[in-house]
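A, B, C and D label the chains in the order they appear, each numbered from 1.
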Amino acid sequence: MSTYSYFPGCSLEKMALSYHQSAMQTTNAVGVEMKEIEDWNCCGATTYFHVDELLAYTLVARNLAMAEKAGHDLVAPCSACYKNTYFTSKYLKEDKDLSDHINYALEQDNLKYSGSIEVKHLMEVFVNDVGLEEIKERTTKPLAGLRVAPYYGCQIVRPKKDHEDVENPRFFEELVSSIGADPVDFAYRLRCCGGSLIITSREAALTLVRNLLQNAVDSDADVIATACPLCQTNLEVYQMQVNQEFDTNFSIPIMYFTQLMGIAMGLPKKKLGIGSEFISTDKILTYAKEPA
Amino acid sequence: MATRPTFSEEVANLMHSSHGNPLNTCIQCGTCSGTCPVAEFMDHTPRCLIGLINANQKEDVLDSNTYWFCASCFHCTVRCPSEIDISGLMYSLKRYSIWKHHYSDDAIGPVFSETFVKSILRSGRSYEPVLAPSYIFSYGVREFLNEAHTATNLMLKGRIPVIPPKLKRIENFKKMADRIIPMGGAK
Amino acid sequence: MSEKVGVYVCHCGTNIAGVVDVEEVSNWAGEQPNVVCSRDYKFMCSSLGQELIEEDIKEHGLTRIVVAACSPHMHEKTFRGATERGGLNPYLFEMANIREHNSWATTDKAAATHKAKALVNGAVERVVHHQPLEPIPVEINPATLVVGGGIAGISAALELADAGNHVYLVEREPSIGGHMAQLDKTFPTLDCSACILTPKMVDVEQHPNITLYSWSEVENISGYIGNFNVTVRKKARYVIEELCTGCGICEEKCPRKVVDEVFEAGLAQRKAIYTPFPQAVPKYPVLDPPNCTYFERGKCKACQILCPTGAIDFEQEDELLEFPVGNVILATGYDLFDSNRIPQYGYGHLANVFTSLEFERMVNASGPTDGKIVLRDGESVPQSVAIVHCVGSRDNNYHEYCSKVCCMYSLKFAHLVHERIPEAEVYNFYIDIRTPGKGYEEFYNRLLEEGTHFIRGRVADVTDAARLPGEEGKLIVQAEDTLIGKQRRIPVDMVILSAGMEARHDSQDVSLMFGMGCDFDGFFTERHPKLDPVATMTEGIFIAGACQGPKDIPDSVAQGAAAAARVAGLVNQETVMMEPVRASINKETCSGCRLCNDLCPYNAIVFHEDQKLSEVITALCQGCGTCVAACPSSAINGAHFTNEQVFSEIEGILWDVMEHQAVPA
Amino acid sequence: MDTKKKLLMIDDDPDFVEPIMAILENAGYEVDAKYNPDEGFQALKTGSYDLLLLDVLMGRGAEGIMIARKIGDDEKLRETPILIITGMREQIAFLFPGQPVHPSFVPTDELIEKPVEPDLLLEKVSTLLKMAEERKAKSELN
């Protein structure tokens, strides 16, 4: 059984608790152990970089150091946490000066980060480490006929330039296929949801959410699947506000990919956190059927 | 002897350790602005902002709302044909503006950043309810009601924490932050 | 016996003098043993600089010359000339590179001056051990190999053949003609590409001095200037050329259709046995076994049965041809940038996004749509067309360079759309319009008059995801209009991607085979970018056309002719003098171990069984030194790179460290 | 006279550097300025300076602290007295509900806050230079 150091991030504590629950259930189902990093702290989000990048690196490095101490690669389910952690780890590995300074701060918590671990997004664990074949095998109730818009968002692929293909990744689509659902051709799959703007520039953020929802509906999607708590919140919680602002009547469920996986694996919906959403997912659940 | 740096050099100094090419390699092609999801809300497009920086138009740059609209989606950065880290530039300008207090009193961006940082330094993790008051009063009545309604719904769905989270080793955590910015937080 | 060395330190304007204290270096050198005269001078390579050396040799009786200046690549020949005119053997000269290896590599003046002294001292220590050498004359075979039958190769071949020299023209595809044969009209004159190209192709075919091998590739080349040995693989055509009349019945009767990805850029079909286009040269068709029903299932043979002259031969095999040539011209052309590599432009995903080559074929009167501009459905006429410049060019993520031709052909496309669909709106999205050529800017002005919309902004993406009214069912091109500083979304029916030029996918292998250089982008490296653009660092190997860098037709033609002129010059000389930097084996000390025999990359060492000795064939030796280093009994001497010379240079360079160590003389 | 003391100032704000340089130069010091931490540290390593005037908030964040720590780790550079001049409290102190900037966390000799009183600046500079000389004399004695 492979083991990872799991860094849930602040959102998954409450706002996106269902992501956390479904992540735990699905990883467990495929025989992967997620050991939550003890006493982890916030990754600094994007806002920390506005004030002091060195401090932001320090925050992230504390989590990295604890994961390293445990001896496992770090896994983040939130795309923003993932991006921050991935790049901090990369910069610390590349820049000795920086890593000396950050480690000087970490001393205060009796920690040290030497850069010996990798940072992965939760989806990478499923796609690359567990493998789509394995997921297919564990799928007992394939979601045949369910049209899923795989919404990558930004930070799961960007600005990671050495990624297989920043402008045309296919792994999310493949994952959706592996649980028997149909990935729809979703033109906006890599566009920004305005996540970090929802508070500071509401109008801009709601416009982006509207465009995304419109495109998903135009491509006949039954559900938008996300891999990030900020995207989920923006697209779902603010759907109502979009409808009011733009006189639309969107009502499309936004689910975590782990929730869809869980359904397809026949896991109980309560354990996947289904029920805390604003937009009903009842229709989605009806697709899960054992193959005839 | 030292020659006084131009504004463009000041920005370069601010980005001295960034990971892309320097701003003066910009060919003004507009890929960033064509790509930017929020370009229509900005008073200057990202390309134009780089042009203004390279032309030392300090006031225009600092007065611009462009960098506060940047959503950190990194699409411009990965597409830039000159490999300029445009998102990194936006971060730099946000820092510059916060450090120099060069923003208007009703600007939400910097106020939010400050509130957020403060809250993390206090407890180690973010806690949504404390973030709200800082910006919510700047909204119009309708937005305010919408926001309040949304918050109530979140609360009912159990998606907002009631008690702020706190690290166990919060004292160490504060001391750690103090080594990066020694402001006496640890006493 | 002590030598009299003259040292000359060049300023190279401020290139060297801006960093190195040349006067100090010169004064210091003057104090070194054996140095009798030392000077610094603004430009040593100028005629006055060279005369300085000549006069000093006569006046001071100098016996050795050292010039500290740029790279020997640049001016070693120049100063050897000056040394010779002064009355010395040209090999009694040594060059110290204090520019590329020193002043250009640092801004630290003190360190640079110190290093210059070391390099000069190394050269002085070395040059006293130099020996006079005589160049080796080699005869030149008048025949020339031209690789690549595009417009550059055709031009080169015809020039040489017209001058009375024999040419072997080797072309990889079934027909010569290259990319130019695929084009419709050429900018800025709009003459028909085929009309001006076909006569030249026919000339090649009919020329008594040209041997054309199409559907063939160079497999191997050995030898050296004047005396190359070429092996060409003539791929099986399954058509007996001597019997084929080019009547076309086989092609007509072949039941098997396949998409023509090469000549028709995937827009039309061809047969399994085919000539790529009606004017193909040579006229013989080619059979393509993977797509042939007979090769697949053992049945059919329609072509063989119906061929009136019995020219189809399913048993035919590749042939290896060997022949000697004196010189080689490489004109291997370019590949088109693959638009699939920029997914956000939608090519391969959105039907009505076309590449420039697809559009060229479409507007060609003899192309798949008979010259009609239509959408992918084959019938709808676009009412709006967006032309996207700089696809794959001027972008560090793909190619940093400008592909040079795309602006002009994009303008030509816009004109052709206006011409064929007068009511259509045409949008050109550009970063800069580059029209540096005769009549090019005038052509741009013409397009402005024709009402083309020019939007200055590189396209961010092309999508079919409609958002605003009027976008339904269209392709939306999103870009910043940088002249007004606003993001714009232009809905159009058709998008054409002006893909750039890139080096041939296998240019690296080709450059290795011919023993010449290739730059980071894969283009062949010329001897000098300005003053010697068609020669390479390897004597006897020349380059022409887009294999050297992006180029349009006039430039390719000019380079083809230029390369031919260079070859003709050498052929006229009949002999060429070769560097005497060669290895030789001392018979007394050779143990006959044969270690060097296999190591020599040029097969220049033979073993005499009777004497149990190895010997270097001077003409084949390239002076690389591999054998010298490998010989266990130090029996091999590399002229101009003797152990004594090399070690003295090293010790000379390390003068400041050596002083402390009391090295025995 | 060549006994002029040589000072290096690392600060990213030209509006601040200019008047400070003028004050110091009028007082007979030779002053070099570098406007980013990289160039500043490089200059410190290659040049020989009697005193360093260091800003805190530069580039990515509090990089002045990073330089001060690096200097503390370097046996040779450690000898150079550092005077930190910072406006950090003014700039981001509201984020750090504590006391004024703590010089004791980094190996620095003195700390003054922007805006700077010219007299105070000159006094601190000369005191630090004197202390450094005494320290040097002492270590030579040992």
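In this section, a contact is a pair of C-beta atoms (placed from the backbone, for glycine too) under 8 Å apart; a residue touches a chain by one contact, two chains touch by 3 or more.
Since the structure is predicted, the reported quantities are computational estimates derived from the model, not experimental observations.
Graph distance from chain C to chain D, where chains that touch are one step apart, equals 2. Looking at A-B alongside B-C, one finds more C-beta pairs in contact between the chains of A-B.
Averaged Cα coordinates give chain A a centre that lies 22 Å from the centre of chain B.
Rounded to whole angstrom, the centroid-to-centroid distance between chain B and chain C, based on C-alpha atoms, equals 49 Å.
Centre to centre, using the average C-alpha position, chain A and chain D are separated by 45 Å.
Between the CA-based centres of chain B and chain D the separation comes to 29 Å, rounded to the whole angstrom.
Across the assembly, chain D contributes residues 57, 60-62, 92, 95 that each touch 2 or more other chains. Residue positions of chain A touching 2 or more other chains: 51-55, 101, 104, 167. Chain B has residues 17, 95, 98, 114, 117, 178-181 in contact with two or more other chains.
Counting only pairs that meet the touch rule, the chains in contact are A-B, A-C, A-D, B-C, B-D. Residues 17, 37-38, 41, 68-69, 71-75, 77-78, 85, 87, 91, 94-95, 98, 108-110, 112-114, 116-117, 120, 124-128, 131, 135, 139, 143, 146, 150, 153-154, 157-161, 165, 167-169, 172-173, 175-181 of chain B are the ones touching chain A in the complex. Touching chain D in their complex are the following residues of chain B: 1-2, 4-5, 9-10, 12-17, 95, 98-101, 114, 117-118, 121, 178-187. Residues 12-14, 17-18, 21, 32-39, 57-62, 65, 88-89, 91-106 of chain D are the ones that touch chain B when the two sit in their complex. Residues 10, 13-17, 39, 41-42, 44-55, 58-59, 62, 95, 101-102, 104-110, 154-155, 158-159, 161, 166-167, 190-192, 194-197, 199-205, 207-208, 237-238, 240-241, 244, 276-278 of chain A are the ones touching chain B in the complex. Chain contact summary for the complex, chain A toward chain D: residues 51-55, 97, 100-101, 104.
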